[in-house]
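Next come the structures, one after another.
Next come two complexes, and both contain chain A; in the first it sits with chain B, in the second with chain C.
Showing the complex of A and B:
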């Protein structure tokens, strides 16, 4: 079975090459069917391989197995988390392609196959990153997903904002890529190895960490956290999400950002967790501080948005913070919880973007204030939007709720409160949108007196379909419904959570430490508390908007999101330095 | 953020990063040491498979899976550029004007063109023997075609490089690399395994098993990709004008675009 691992990358790549070669002559429906079939085939392969991942599948590309412990080849690791991510990526790509089926803007003349081909390339890059066991190989797929994502983000080139968003995305993420590459170079210089496990062994042989290991850690982490959109590396994400086509947003927010967190988990666990890496306490400090700040800022900014796509983008940032907190505990419980949370979150967040896409194509706007009361006729969409919001808050039995409750127990103390509040605030913002847009509740928001130059309205967005939709196609409503069902099943299907926990323990401790994951009374109560808090916040915001309106104090925070690439680059440099300072005690005491 | 704050932030962050890098570089292995763990192993593996150029063996055999990623990054970048540089609804095409070229330039370009093209193909073909290979040779070959643009004009260039076939060639070369990889898997071994073909005699064109095949696929992919990429940018510079512009350009269309690679 392990021989089939590279096909997770090769199959979508072959599909993309085929679509690009024949794109000029293929009719649109054929191109889109091929795209769906290939991504579905890859998803099926990942799902078939998953049960065989214990013990993890290990494949040396080209058959270059190490001889007497020394290898020259590239190793692919098909353990539960890696294959699980590949399956999640593939299923979500399939959902995005199905969603864009006949609804998306007419493809450019002579490039019928271009959009599905790019989506397949995106899928291949993400799958390759998920199963990479070699640090440089991980970087290659990391770059592939970046390059494709920039192009997909700027797909609607007629709009200046789309080009600007894609350019910002490209510049900031390329700098992250350079940081990652520099980090890899440093680690290679020290150990002469590129396979993650071998680098880890090489570092351990070199004794306690020194400045080079610290720099390697900080640079690798910078690259991954840029992708994961952790504060202060996050500025590209809202700008890109606001302009990217809806199916692309589903992938960006649903899995690509989470792959950054996955990379942190994977690389820390295999490279830096030994005695030659960084001491656990220092890694914990780095991830906890960054996670907490990311969660808080993401939630706050999410609450103050009226552009629905930007609002969802900030909610993704907030959740990235929560994931980082869970990973930062460096405990099996934290890992299990985050794994489940990521699965549930992917379904819920992609469904929210899918519903927002329907609003955009139907009304030509994604502005909460402009759409006030206009979407009352879309009952099904309203129900899905609200259900997804409750899933975001962590209402049992959604997968998000189970993952959240497990992680909450792992982080413990005041961070549990942060978990509850952050999920409640982001979900409250989404519920507020639902109440205003679909139900028309509350007074129609007045336009602010002195128009705030830093507030992005969601008005004047072009629908992605050729004309505004009169009737919503079935595929566009079926996809979010299925995604929500998936998120629900992740929490409700008995045995699923335990299977995830078993896969995680197999990957980290070879199955020695097995934690059981299940609903606990405390977890259920906390989930209900954050749901009630979210509903309460939304109710207050709708009925008494002035109570929760952004105070003048929040303005400087909003001004940071200036759209100026130079600012974002400056923050990236500051972020790298902050990472270095937070991890510095590892070298000083060691 | 005002420029001053930004400068201050860049200075702080940059200083921190610089300090980190300097501290790290002081701990790097000394220059000119005799410890090359990967290099020693790679050379041995390369010789075992009769590949004279170890770099080619690393690129197209030992770490061929990385090269697949690099190849598809270029492929994706070109596809993405074609989508982003497409002629949008508010743009139209204005046929390029014939351009006058100084006679010495014309003579030089037409003289050098076949030489450059041949050099490119040579560099590709000898990838497994001497420094060079698909990536480098592909760029040389693609650049050679563009001497026609310098020596004649844009219309002459357009005649020798119809975009459609080059786009198809780009995709087919990528497929060829993948198919070779899958053949290794079906042939009883692993994906991209170099065990199907005989390794041949050391230091000959046919040596190295699948290395020359993968190298040729990369050469074709890179050449097609660079042609398509330059065409996309040149089209924007020379032919495509925004609605409302009069279609006349001040220059003679000789904007010199650098390849993105």
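Showing the complex of A and C:
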């Protein structure tokens, strides 16, 4: 079976090449159908390989296996988490391609294959990153998915905002990528190896960590956390997500950002968790501090947005913070919880973006204030939007709720409050949008003027379809419905959570430590509490807007999001320094 | 003296990276910013080649000498640097294309004047 592993990358790459080459002559329907078929085939392959991932599938590309313990070949590792991420990526790519099927704006003559080809290339990059067992290859896939994501974000080149957002995204992420590469070079300098497991062994042989290992750790983490949009590396994300085409937003928010968290988990687990890596306490401090700050700032900024896509982008940042907290526990329970949370979150968040895309194509706006009361006729979309918001809050039996409750238990202590509050605030903001846009509840919000107007409105965004939709195509409503069903099934189907937990334990402890993942009364109660809190917040915000309006105190926080790429680069350097300071005790005491 | 010479390439790499990042943070022109990003990437080339350096070694090309007759520098980092160059070319080309579009749509390449996305 391990011989099939490279196909996860090769199939979408070949599909993309085919579409790019034949795009000139293919009619649009054929090009888009080929795109869907290729991504579906890759998804099927990942799902077929999943049951065989214990013990993990290992493939040395081209048969370049290590000789006498030294390897120069490239290794692919298909363990449960890696293949699971590849399957999630492929399914979400399929959903995004199906969503845009035939309804998207007519491409220019002779470029019918461009958009599906780019999406397949994006899928290949993400799948490659998920199954990379080699640090330098992880960097190459990291850059490939980055470059394709910049191109897709700026896909609508006629729009001023789209090209600006794409440029910011590209500069900040490329800089993060170069930091990652410098970290990899330092680790290679110490160990002479590039395969992750070999580097880990090499570090362990070298004794306790020194300044070089610390520098490698900080630089590698910088690159991954830029992708994961952790504060203060997060500034690119709202600017990019607000302007990217809707199907691209589904992928960016649903899986690409989470792949950054996955990278942190994978590289820490294989490279830095041994005695030659960094002590657990220091890694825990780094991830916990960053996760908590990310969750809090993401939730706060999410509440203050009126541009719906931007609001969803900040909610992704807030949830990434929660994922980082879970990974930062460095316990099997935390890993299981985050894995489930990521799966549920991908379905819910992609469904929310899909519904927002329908609003954009129908009304030519994604502004909460402008759309006030205008979308009453879209009943089905309203139901899905509200259901997804409840899923975001963690209403049982959504997969998000199960993942959140398991992670909460692993994190424990006062941080449980953070989980409840952050998920309630982000879901409350989405419910507030739903109440205003679909039901027209409450007074029309007053327009801020002068200094208060430091915000991005969602008005004047161009619809992505050829003309404004009169009737919503079935594909555009079926996709969010299926995504929601998936998120629900992740929590409700008995045995799914246990299968995820088994896959995680197989990957981390070779199956020695079994954790059982199930609903607990405390978890259900906390899920209901955050849902009620979200509904309450939304109700207060709609009926008495002045009570929860952004205070003047919040202005400095909003000013940080200046849209200026130089500021973001400066924050990246600050973030790297903070990482170094937080992890410094590892070498001082060692 | 040799200790200084051994550390020097690493210090140069760090300095080049920080110089590029400083240029990015203070840039008044997006084309200049893209150039600064390339400077940051040049730091990775310096670092990679410094990692593979060996005293008295020659290039890892075996067309005119038998393997094992004299030491060669590490060919792996050279392969990495080559891949890195390809990645850099792609990124720079795409970024410059985006800058052209920014200039067309916003009528400026000064990042201080791009104020549509904020808050």
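Quick note on the criterion: the second predicted complex is superposed on the first by the 586 of 590 C-alpha atoms of A that agree within 3 Å, B and C clash if a C-alpha of one lies under 4 Å from a C-alpha of the other, contacts with A are read in each partner's own complex, and residues count from 1 in each chain.
We take it that contacts are C-beta pairs under 8 Å (C-beta built on N, C-alpha and C of every residue); 3 or more make two chains touch, one makes a residue touch a chain.
No experiment lies behind these values; they were computed from the predicted model shown.
By the touch criterion defined above, A:171 lies against chain C but remains apart from chain B after alignment on the C-alpha atoms of chain A.
With both structures placed on the common chain, the touch criterion links A:478 to neither chain B nor chain C. Within the superposed three-chain model, A:293 lies out of touch with both chain B and chain C [touch as defined at top].
Using the contact criterion defined above for the overlaid structures, shared-chain residue A:14 touches chain B, although it does not reach chain C. In the overlay built on the shared chain, the residue A:218 is in contact with chain B alone; chain C does not reach it. Legend: residue contacts after superposition of the two complexes on their common chain; A:30 is shown touching neither chain B nor chain C.
Among chain B and chain C, the chain that touches a larger number of residues in chain A is B.
In the superposition on chain A, no contact is made by A:44 with either chain B or chain C. In the superposition on chain A, A:121 contacts chain B only, with no contact to chain C. Residue contacts after overlaying the shared chain place A:499 against neither chain B nor chain C. Residues 72, 136, 140, 143, 147, 150-151, 154, 157-158, 163, 166, 182, 186, 188-189, 194, 559, 562, 564, 566-567, 569-570, 572-573 of chain A are contacted both by chain B in one complex and by chain C in the other. On chain A, the positions that touch chain B within their shared complex are 3-7, 9-10, 13-14, 16-18, 20-21, 23-24, 59-64, 70-74, 76, 108-111, 114-115, 117-118, 121, 124-125, 128, 136-137, 140-141, 143-144, 147-148, 150-152, 154-155, 157-158, 163, 166, 182, 186, 188-194, 210-212, 214-216, 218, 559-560, 562, 564, 566-567, 569-578, 580-581.
Those residues of chain A lying in contact with chain C across their complex are 72, 136, 140, 143, 147, 150-151, 154, 157-161, 163-168, 170-171, 174-175, 177-178, 181-182, 185-186, 188-189, 194, 238-239, 242-243, 304, 454-456, 558-559, 561-567, 569-570, 572-573. Looking at the complex, you find that chain B touches chain A at residues 1, 6, 9-10, 12-17, 19-21, 23-24, 26-29, 35-38, 41-42, 45, 58, 61-66, 68-70, 72-73, 75-77, 79-90, 164, 167-168, 170-172, 174-175, 178-179, 181-182, 184-185, 189-195. Across the complex, chain C meets chain A through its residues 13, 17, 21, 24-27, 30, 33-34, 37, 40-41, 43-44, 47-48, 51, 76-77, 80, 83-84, 87, 90-91, 94-95, 98-99, 101-102, 105-106, 111-112, 114-119.
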